[in-house]
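Okay, so chain A shows up in both of these, paired with chain B first and chain C after.
Then we have the complex of A and B:
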């Protein structure tokens, strides 16, 4: 696979696809520097929209809220998801295993709108006030299945003899977990964390239902702003977020590269 | 393992920093104090300077939240779990909310500025005696068009839209009441008509309009017309005013057969925590200068009579946006048709949307 030459046609296809995918983003970024105030007339370069953005405390709070929710929900759902994946893995009965995995997958494919609406009903029945807590809970809920899905393949890939060997050598259960299993699945854990992070960052449908009491996230805010045409400070904001995600991807890249299995499957 | 622990610590630290920043910003803005007022409004539908002024005058901190449809707003209020002190729904939704007991009656003694509102906008069928609501903005549904793209052709009535020359030029709003109302009006019926035969007739008439329709869109219509992608749009008057601000060539017309007159009104939902401040806010918004300042920004028509002299005469004298009483009397406010009739409207509208070219 690796050394087969790619035909010019497939290269062209690849370039075309990437252009189509990235063009709208660059279009958006380009106009965030427009002094004209609209998206179809470029008048001149300005940083005014960025200045306006940073002067708007309300928007800034919303951005920080969004980031905080993303970090916390990714972290917590990673912890829960890893435990869940290990639990599913540990079931010896194939049938139970498959059932649990399917139940997990159903949550991933079910429409966000339905998840959001049911959370709204649940929270109001349970008497939980809508706000940061409700958003955090629902984000954790829809991130957990994703983490499970990212971690489980790593666990299945791991040779069972590895664990047996550790036991034979006198390792306790905790030792096995800490020194064998967790290091082996670390790349999966990171992948799960970053997936959860991006899911939480850009989720609109679920969040829309569970925000309230002065707590909003960016996607919900932009959606209601869009009713009256988007001002260019939203372009500026999107540009910054785009850069932020690129940084995330780079960080993720370096973490996974440094964690590449060495063949033995055991790292310190 | 060490890496995992390091990473977790880093994430927790980052979260703590964010948390600290948020609370600092919030308290700098005064949101964490007790005396707050939560307003639930359409996106970008208030002049924030006015809100700041209110905060300075009263010491009440305002939390501003936005919704994008009457239905979404109602769901949130209905479900509880929120503490909105003020909401700004449209008239038909207010009717529904009153019936479902979601609103608190207003204390008129606390609203001395209520007298500033033009009498024609008070005591309307959806809220007799304004027991629950105070008009915020009003407007019409009409046609915005670009004469330069139509070789100077003039449009004055709904029926002009059926002209064969207008092939692929019309943008409709994706709203059953608006579009069905347009068809009913063009046939000379009321836009609150519930006679099934009339409704079917209206739907059939709409089907014949399909060749002229470019798209049935939401708020994107603004951009499409601005960019001259289409020459004609069915729009709310406020949208038209904004469009004409950007492009002076555009024209707006309220069709002669009649059309819809709509209101957005301030109400106090059952969920309100600070009813006192809510009254203060409503009264403040009714002040002539404040209403004028707000109107300047939002560009919809104000029902505030006292604010009119403070506004640009070019605007208030514009009969397209401030139609004289003779015309407004001809216009109709949407009535709450009841669930079953509304479902029939929606069904016909959906059928029309699926009707191919």
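Then we have the complex of A and C:
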């Protein structure tokens, strides 16, 4: 079984790929402590950029806005998405099911630019002022299909005899939903919520289109800062975001690991 | 009867979502594509799209997207293959995915520092004797950063496909006397082609529409279809022409999806 063991050359290749993937991130983190103010000469260690970051109330408000939008849109899109998944599941006709699924996937497959541009037209036509509300609506819109895709496999995996048994034992429709279906698909719901949260936190292109002058999210703000050039408080910010991401990954990892015993978990 | 009522009750919010945010936006883009910049109904935009300026842009956009997809695939396939052979493969996979969770703009920003005139890349070039080069704001930096960003998205579906591959098949090929290269070409690659297709879908379509990278890294030297749409919508306010380009992008997207077969997408 010679090829079961990795050769030194392939180990080197993997190390190289991992280095390239992580290098820019550690590069940002490293220079966030540079007193020199540039990303090429490391003059000395300082925490000034972090102090500056925390003194910047405007930026802190933007961070809070971003979190608020992410939480709200994840919550609302989870509710709509779960309902959608149950609706798709309950349609018996195969053709209807497939049509709904294709429509569901349109926003996942479409490039962000098109989603952004078309939502901009939509909001303008509908007379919705660009700002926090339009950003929230569009985030809900692109998070719904993700939740559906996370919940639907759980529903399909559920044995229909479970529902029949509950009915036979005299459970009402609402009881079946609350005591059988929802508990069964809970891991999928959590995964969907979590995915929606990260999609919303990360989105730039769609938000860029539908945000007005008064309202920004972190991604849009980073874009406009980066266009102006290098500023080490962006590095400080990215260090904090990196730590935050690691925490999210760990949480996500635990959610998916906990899923394992109840089934296949979420297929990525 | 009760069944139908509850079913509809669940269905209402979701159906509203589909109508408002899936169907309406597509129809609106199509509708707007028939208005010229003065707001009059015409086919002017479509005529304009078939002039050399826009055709050249479409072609170059395609070329870049193709280049980015091809290079990403060339790097991602061996990586995925090697990953499936490591001992803690899921842990390594997770570590590989972590960078894709970091905000894309921050990664692009990092490259402003790395590729800058006095940046790390240039210091390295100085050391090995090539000397300082203009790296930032070139085609090279655009392709490099795009590939960097897409690598995890390409690895994931290929890893899944390789992971599901039954190892007895490659063992059988070996037993029957196939060399490792033959085994790869005749067994492994054909059986994991679906993963490759999904990966290409995930990379190619967004590569046609990356506008923030062209602005930050390529210094507006590279114009993709995405850049053009953003330009028309947010800068020149020519929504009609922007919509027309969007219509073509949607058509290209559908053709590409058809071409690469399965609609299945891993996210």
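By our rule, the second predicted complex is superposed on the first by the 231 of 268 C-alpha atoms of A that agree within 3 Å, B and C clash if a C-alpha of one lies under 4 Å from a C-alpha of the other, contacts with A are read in each partner's own complex, and residues count from 1 in each chain.
Following the convention adopted for this analysis, contacts are C-beta pairs under 8 Å (C-beta built on N, C-alpha and C of every residue); 3 or more make two chains touch, one makes a residue touch a chain.
For clarity, every value in this text was computed on a predicted model and none was experimentally measured.
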When chain B and chain C are modelled together on chain A, clash or fit: clash
Of chain C and chain B, partner touching more chain A residues: C
Which superposed partner A:234 touches (first chain B, second chain C, both, neither): second
Contacts of A:130 with chain B and chain C, given as first, second, both or neither: first
Partner chain(s) touched by A:49 [first = chain B, second = chain C, both, neither]: neither
First (chain B), second (chain C), both or neither touched by A:72: first
Contacts of A:110 with chain B and chain C, given as first, second, both or neither: second
Which superposed partner A:183 touches (first chain B, second chain C, both, neither): first
First, second, both or neither for A:214, with chain B first and chain C second: first
Partner chain in contact with A:64 - chain B first, chain C second, else both or neither: first
Identified clashing stretch of chain B versus chain C [146-154, 218-226 or 326-334]: 218-226
Set of chain A residues, in rising order, touched by both chain B and chain C: 38-40, 120-121, 208, 223, 226-227, 229, 268
Interface residues, chain C side, partner chain A - complex: 2-3, 6-7, 10-11, 13-15, 17-18, 20-26, 28-29, 32, 75, 78-79, 82-83, 85-86, 92, 94-99, 101-114, 116, 118-120, 123, 148, 151-152, 156, 160, 180, 201, 205-206, 208-209, 211-212, 215-216, 225-226, 229-230, 233-234, 239, 242-243, 246, 249-250, 253, 257, 263, 265-267
Complex interface listing, chain B residues touching chain A: 1-4, 7-8, 11-12, 14-15, 18-19, 21-22, 25-26, 28-29, 31, 36, 38, 42-45, 63-68, 72, 75-76, 79-83, 219, 222-223, 226-227, 242, 246
Chain C-facing residues of chain A, complex: 3-4, 6, 10, 13-14, 17-18, 20-25, 27-28, 31, 38-41, 79-81, 83-84, 86-87, 90-91, 100, 102-122, 125, 138, 141, 144, 146, 148-149, 173, 195, 198, 202, 204-205, 208-209, 218-219, 222-223, 226-227, 229-230, 234, 237-238, 241-242, 245-246, 248-249, 253, 267-268
Chain B partner contacts - residues on chain A that touch it in the complex: 38-40, 57-58, 60-61, 64-65, 67-68, 71-72, 74-75, 120-121, 123-124, 128-130, 134, 178-179, 182-183, 186, 189-190, 193, 208, 212-214, 216, 221, 223-229, 255, 259, 268
